[in-house]
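Handing you this structure, nothing more for now.
Residue numbering begins at 1 within each chain, and the chains themselves are lettered A, B and C in the order written.
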């Protein structure tokens, strides 16, 4: 039986014995190698035996070839830059709005009572449903794409920020006050640092969501961007280009997540001191 | 609904009405762009009367139900397996980490190419999208099961199957239900996108039609119906959860 | 001998480094005997108990119960944990009858046994509550009832009263003493409280600082029902305190 045995469960629970770093890395590389190998074999077999049009399932090297091709023609960078710019601008605007309003609502009861129910009312509407409205309002240009990202990312970042402020232990504030902290001090030295873990979680959600929704707005109307590249690939049946662009999007999202992680590790060192 | 909820609802309606009717009188932007509550209500009434709204809702819900259902079964089976079998977990984890950052919608056109424009592509896409987060959350919920609970049960005579059936499953159940709830919300999120592209029915299609024929009131109506559906399903699941997991609430009365 | 521990060692590997937690421990517990383990924090008391319970495997040596080697946990050894490990999704009754259900005991029999042990720990009025609705002391009473209801001959307890306040702690010590006079289990009991050990134990075993070995054994020759203020009691207390202090001091060197 290859399920965890009872003695293993007794000693370590379901997680299994803790593994050394090198061992973990070895498993990781092996796993990815198997994945790529399976994909390659499948792609190669389809190429050889042609049970259906090989275009449907291109092998990894075909996908990478398509990306290199685009890069050689100098197009790839244009698309990547377009997507990145939209995400950067839209996300930043969303973050500024959400943090400002969230920190305010977290502290001022009156603001919270007004804003929070409204947010709770709008939040269940899947943001994608609002995309056509943005297009109708702002036109198909940059404005609607950026504005839509701002709209979509605002909600999770606002909610986590409010939560971050609301969960602060009141005793912490009282302790600071009894040490002579003024309201300004309270905000910068207690509230902000104490809310930061939640705020950063919100930022991470926001980054992921930005990449999530930019794709569809670039499907619906754009002349460039990775989403455009994917949809264009569909119109002309260029599956390698579609897969390549999707992989690139994943890479960008991964990098964005990594950036917030690095930020987290720097400003939240007190959570995991070494 | 709490009183603040109702107040918020009324407040939003009043502000919306004031802005849209005010715009109509002052002519700040084209009246069609900013539909009034009245217009949205009219579109709603019309589409209900001619039966198109119920049809769209049913279509979307059917796609979500099938796609989400298949993904949930797969995520449950594989999530439990991955959590209880260390080699499987070590093999699968990096692949998931590799695929997960790719925004699922980036694969939507691929599904249209692979499965055609019919129901297959939408169902498969919903399944694909919701599988990964549910799988990850379910495996994590199982892994969180405290080793001391396993030890306590074993020292009362529990064998391998007892441990799975009487400890691991009940202990992980709350986390599993949360995973399913998130998966369902995600399904409603992405079905709209799937129906934007090459569908001839469904709420997403209805909304896109509003854009194509320039009827903003129809877009707003579609969005509100979606929000309502999501809220209802969420409330139902939460209520079930609360009944199922009375043991987690400190104030529970027996 | 009910429990026989011979040449027991256990080494942990964490981040590629090996730390010995137990070194060559020999220990015997007779049937119906109540043995307390004392020793500085980190000396391996829990490790020893967990090996006897079958949760951990020894690096060297072996544990025998009724002369049969221990290979894993089993219903013959009930365990009470420090952190009140109750199944939170089961009521008090559900927790107490957990082991009986595993054995397939019929409902009527279960009901009788559960009622008896809930009565014994004074929780009959809380039978239908969930663990979140109980105080720490009540939870630990349920855990004790759960272990007893399964009628094991051995009970292993790892600082069962460690997380309780001083008053509740003494009440539960009294209860445990009373229960033991009825049930006559073989008990291995880990504690940090010397008073608790002298109050409950037939024998007190003091362990050395890590890696743990047996340092000294005290046989407590006091009447079954003990008076915490009797001169003999305080005599044992100060004697053991002296020995434990030597070891605790070594940890801080």
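In this section, a residue touches a chain if its C-beta (ideal position, glycine included) is under 8 Å from a C-beta of that chain, and two chains touch if they have at least 3 such contacts.
Just so it is clear, the structure is predicted and the values come from calculations on it, not from any experiment.
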Original post:
If you take the mean of the Cα atoms for each chain, which one ends up farthest from chain B?
Top reply: C
Subject >> Selected pair, greater C-beta contact count between B-C and A-C >> reply: B-C
**OP:** With chain centres taken as the means of their Cα atoms, state the distance from chain A to chain B in Å.
**Re:** 18
**OP:** Between chain B and chain C, tell me the centre distance in angstrom, where each centre is the average of that chain's C-alpha atoms.
**Re:** 48
Subject >> Interface hub residues of chain B, defined as touching at least two other chains >> reply: 146, 151, 154
Subject >> In chain A, residues with contacts to at least two other chains >> reply: 6, 10
**OP:** Could you list which residues of chain C touch at least two other chains?
**Re:** 54-55, 72-73
Original post:
Touching chain C in the complex: which residues of chain A?
Top reply: 6-7, 10-11, 18, 20
Original post:
What residues of chain C sit close enough to touch chain A in their complex?
Top reply: 14-16, 54-57, 72-73
Subject >> Residue ranges of chain B in contact with chain C within the complex >> reply: 146, 148-149, 151-158, 162, 166-167, 170-171, 173, 245-250, 252, 254
Subject >> Touch list for chain C against partner chain B, complex >> reply: 53-55, 72-75, 77-79, 81, 83, 85-91, 98-99, 102-103, 128-133, 146-147, 150, 156
Original post:
So in the complex, which bits of chain A are touching chain B?
Top reply: 1-6, 8-10, 12-16, 27-28, 30-32, 34-35, 56, 113-114, 117-118, 120-122, 124-133, 135-137, 208, 211-216, 219-220, 226-227, 230-231, 233-234, 237, 239, 242-243, 245-247, 249-251, 253-254, 257
